[in-house]
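Following this line, the structures themselves.
In the two assemblies presented below, subunit A is common to both, partnered first by subunit B and then by subunit C.
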Partner chain A sequence: MSDTMSTKRLSSLAAILRHAVLLLTGALILLPFVWMISLSIKPPGEIFRASFSFWPSQFYGVENYTKALTEAPLPRYMINGLIVCSLILVLQILVCAPCAYALAKLRFPGRDLLFVMVLVGLLLPHQVLALPLFVFGYQLGILNTYTALIFPYVVSPFGIFLFRQFFKTIHDDVVHAARLDGLSELAIVWRILVPMALPAVIAFSIFSVVGHWNDLFWPLIAVRDQSLMPPPLGIMVFKNEEAGNDFGPLMAASTLIVLPLVIAFLTAQKWFVEGMTGGAVKQ
Partner chain B sequence: MASVLIDSIQKNYGVTSVLRGVSLSIADGEFLTLLGPSGCGKSTLLRILAGLEVQDAGSVTIGERVVDGLRPKRRDVAMVFQSYALYPHMTVASNIALPLRMRKLSAVRRLPLLGRLLPGTTQVAGEIDEEVTRTAKSLGIGHLLVRKPGQLSGGQRQRVAVGRAMVRNPAIFLMDEPLSNLDAKLRVQMRAEIKELHQGLGVTFVYVTHDQAEAMTLSDRVAVMIDGELLQVAPPQDIYADPDDRRVAEFIGSPKINMLDGVVRERGLIDVAGATLTIETDARPGAALTLGIRPEAFHLADHGGQGSLTGSVRMIEHMGSDLFVHLDLAGIDHPLIVRLLAERAPYITPGQTLHVGVRPDRVLLFARDGRRLRRDAESDWTSVTPFREVAR
Partner chain C sequence: MSKPLALYGASDGPSATSGARTLPSRTAFSADRRAFAEMLIAWTLAGPAIFFLLVLFFLPVIGVFVIALTDWQFGARSLSFVGLTNFREVFADAGFRTSLFNTVIYALIVVPGTVVFGLLIALLIESGKSCRSFYRAIHFLPFMATLTAMAIAWGTLLHPTIGLVNQTLAAMALPTANWLGQENTALPVLAVIGIWQNLGYAMVLFLSGLKSIPQDLYDAADVDGADLWFDRLRTVTLPMLGPVSMFVVVVVALRAFESFDTVKVLTQGGPGHASEVLLYTLYRESFEYLRTGYGAAIAVVFLIIVVTLTLVQARVMDRKVHYQ
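The block that comes next holds the complex of A and B.
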């Protein structure tokens, strides 16, 4: 009896400690975001005030957000981001899934060498390739177009690696059965393996969309035209040209840009977590 | 419906030779089992039949067609896998329907929305649905059509896999250890159902297993395969009672056949384990042989002497109706296993000295290289090496 009592007390103590640590880490991660939102609803005078408060004494949100939406072509940036990210994602999956299938399930000479090359690609930071890609893009004459923003990312070593590892876990018999059932190799990829690898596809999609929505480095090199700029680059230009030290509208614009990702993740969260664990255990 | 002709198939993985010139002819409508220990190449042979692996040499003929180089779907074979290999994201109905959809509907008609608009699609789709429902009902899974494989038990999944294979009326059924993942009770039940399925469909079945009970109960003929070679192809009773090779005799039968080394003393007499047995032999005196004696070929003898073996009881295993007695014989390191009727049990105790006789016609003679020595095959007898040469 006393044993269970002490275990209970101990476990509740541990739970308090656990939650304290989690809350603290969560707060640390959230703080910049909260600060961003707080700044986005403050008037200019209040932003640089010495005293600290999250809530403004004078609500200036409407003005800041109006300014963000009107003075910079923010909707245009967001549409650009949507076009670029979705095209990149679709093309990446179109390229990566068949590649991963070949590396995971087909036997051909040179396969292991190809896989090593994928791993090397995985190790290279994208910045290293920026200059060659820029020159290449220039020679193709595609700089300052959507194509320039998309083409370096169409082949994703990470995607190939992730899908290949997932396909490896699928029993060869499933592929054999599909061949006997009359499916072509591509049909096996799209109708059998990709649906079975849905958790991996979702995880990859999140990485890809977040990564390219937030990407600043390559767009900075590849496009100059404001009408082609994805959100972060637009914000940077907006900061330089329009806002100056006007942080209120800048933070409002930043908030608006992060918002779609947050909403998308929160709505997909339940499904995403289910997807990640659903196929993990053999039923 | 088709016969199968397998001609000198060879398959290597790197330097390992998995199949070394396997030839086999399977009659139309026959139930043939490939039986062998794991790693003997039986599954590889089945995959070569299905077209999932390509042989390094040799050819496969199904019906009248040489199918080498034909893709699996063109071979008119269906396969049931050990792992069931169902598509987990599809319902049972879609799983069973897929092979039919791939065959009866063109690529355009299979498109999700557009296909439905084309004239005739709905009718074919309706036929497929009917076919699926009929197949599922015949297998007793008609009520499971809307479920996904993850929601089914092992036996139900196996039925779905069989349904997917039979729905398109293949010429040949290939089964790769389909019962290995089931529990013992279900295995016996499914075994009977597969037998019924074969009798009902009347098509050729090629069944791979390492379980001799499955092979013996299901097959018209059993092909015993060890180390990439077919050692014997014969009806189950012949495989058991009349094996061609020592390895076949040792693989089939539980408990294992007793193997005793002996030397021919003179015509009709063989010295073995300190005793002399009267066995009709034509071998030259001095020839070294191995005697294979099934546990049930022994009977209790009242006293020792010529024609019986004497040993002390090491252990007794009660099996219900039968009794396995382990006997230590002088000069032999492994015990002799003798199968007796259980009613003898009270009279046998460990440590006791026991005399067992053996029926001469139940003794199988093997040359030291493993070949079976038959009395009617004169050439075998004369080629037996004398004991002295072997010893050297």
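The block that comes next holds the complex of A and C.
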């Protein structure tokens, strides 16, 4: 009797301890976000004051966010990010899905070789390819354009791999039935398999969009004009050139750049975890 | 690979009946034709992907090796092969050796830090039923937040005068520092940011590893008298997490070797060369100084490290499959 009592007390103590530790680590993890938002609504005088409080005594958010949106071409950066990410994603799916179908459902000489190519492609980090791709882009005369930001990513070995894995789990009878119904091979890919593989498509879309929205390395190499810069490159230039020590607007701009993905993440957490871990984590 | 799939298979309708009525030689002929048609379709569907894989992955990777063996400078009209001169230059360069050394140190802080904290948080989350997805969301947030923007926020957090870190330390009468501006702190502080960013990633991988441990093992451990949480952790949980842990170590190591954004935004490799890491050196030599051959040689070294780590990971994954 007393034994179970003490076990119970022990387990409720453990539960409290669990929440205490996780709330503490959670607070530390969130600290940079909280700090960023806090500075983004403070006037310069309060930012440079020694004492810290999250909420400012004088709310300066309107001024900071207005400055962030007007002094730097922040809306331009966001639109660039949107254009680049969506074009990359559409092209990747258009190129990868038919190839994945061929690998998963068709028999042809060279299929194993093609799959090895995909696996080797998975192995190659994009930073290694940057130099030849830069030279290539220069010779084609496409540097400093949207095309420069997009072309290295038209095909995604990971996309082909993921779609292939998913297509293989779809029964061959589905494909046979579609053929009997007179569907062309392309129609089978787009009207039957891709809709059936929607979870893989969503996971890949998140993987691709998050990766390219956040990428700094290639945009840094590919474009010079501010009007073409995606958000990470844009905010870096904003920090170096204009904002300097004007932390309020700089933090406001950072907040606005981080915000779209954070909102998307909080509304579709399960999908994000799966997509961002490359399907290594299945919910 | 999978079971054979006949595109216009014998049991598949009109072609089957006509096939049955024709002579054996005709059947063989039409089977050939079917195979040919299937190949044509496959190559057409895969064609664009094959083309772009060749142009955007395979030619560039060959290109990197070729450029690394030449004295070519970006924009120059001529080049000549110089053998391994670039590699000799790279390894003779104290700057590069510092960069490689820094990257290893950075990884040696980030990998254990990320793995240990990721595992602890995953164990804590899994040890109770309440608020699981809430805690998971919080800890995962840095992994998908734009690192460039968050690095700028970290920069102000670590700012020598207005930063919260120094303000807090000063309030507790502890010594403060110019964290990103001092040679002895810049790299470790960047590594802390690296842990902060990747911890959630390790956590979700561990969480999925924990979920895949069969309940019978815990029941068996109970029968064997391992009824305390710690006993179960020691006898069941940790051994069963072995393969996942190896996977996490390699994946986090890969991410550590590929770190670039925080260095570019916060320190530019400085002060001195204190926070110079491999990818930053690669970027600067190739695209700022336009030392193309030299940059390509660094890219080759980087590629060898990444490929080695990935192959280790592939072997680990193989073993994991056998394990289960």
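Everything below uses one rule, namely that the second predicted complex is superposed on the first by the 229 of 283 C-alpha atoms of A that agree within 3 Å, B and C clash if a C-alpha of one lies under 4 Å from a C-alpha of the other, contacts with A are read in each partner's own complex, and residues count from 1 in each chain.
The criterion applied here is as follows: contacts are C-beta pairs under 8 Å (C-beta built on N, C-alpha and C of every residue); 3 or more make two chains touch, one makes a residue touch a chain.
Since this is a predicted model, take the numbers as computed values, not measurements.
Asker: Touching A:L24, do we find subunit B (first), subunit C (second), both, or neither?
Answerer: Touch status of A:L24: no partner.
Asker: According to the stated criteria, A:F108 is in contact with first (subunit B), second (subunit C), both, or neither; which is it?
Answerer: In the superposition, A:F108 touches subunit C alone.
Asker: Which partner reaches more residues of subunit A, subunit B or subunit C?
Answerer: C
Asker: Considering only the touch criterion stated at the top, classify A:P125 as touching first (subunit B), second (subunit C), both, or neither.
Answerer: second
Asker: In the overlay, answer first, second, both or neither for which of subunit B and subunit C A:H176 touches.
Answerer: both
Asker: Quick check for you: in the superposed arrangement, does A:I16 touch first (subunit B), second (subunit C), both or neither?
Answerer: neither
Asker: Of the two partner chains, subunit B (first) and subunit C (second), which one does A:P231 touch, if any: first, second, both, or neither?
Answerer: In the superposition, A:P231 contacts subunit C only.
Asker: According to the stated criteria, A:M196 is in contact with first (subunit B), second (subunit C), both, or neither; which is it?
Answerer: It touches subunit B, and subunit C stays clear.
Asker: Show me the subunit A residues, by the header's touch rule, that subunit B contacts in one structure and subunit C contacts in the other.
Answerer: 176, 179-180
Asker: Taking the complex as given, what residues does subunit B use to touch subunit A?
Answerer: 47, 50-52, 71-73, 77-79, 81-89, 98-99, 102-103, 150, 164
Asker: What part of subunit C is in contact with subunit A in the complex they form?
Answerer: Per the stated touch rule, the residues are 1-5, 7-9, 12-13, 35, 38-39, 41-43, 45-46, 48-50, 52-53, 56-61, 63-64, 67, 74, 117, 121, 124-125, 127-128, 130-131, 133, 135-150, 152-154, 156-157, 161-162, 164, 167, 196, 199-201, 204-205, 207-208, 229, 247, 258, 260-261, 264-265, 279, 282-283, 286-287, 292, 295-296, 299-300, 302-303, 306-307, 310.
Asker: Which bits of subunit A are touching subunit C when the two form their complex?
Answerer: 14-15, 18-19, 21-22, 25-26, 29-33, 35-36, 39, 47-48, 50-52, 94-96, 98-99, 101-112, 114, 117-118, 120-121, 123-125, 127-136, 138, 151-152, 154-155, 157, 160, 168, 172, 175-176, 179-180, 185-186, 189, 210, 213-214, 216-217, 220-221, 231-233, 235-236, 239, 247, 250-251, 253-255, 257-258, 261-262, 265-266, 269, 272-273, 276-277, 280-282
Asker: Across the complex, what residues on subunit A touch subunit B?
Answerer: Subunit A reaches subunit B through residues 171, 173-174, 176-183, 192, 195-196, 198, 279, 283.
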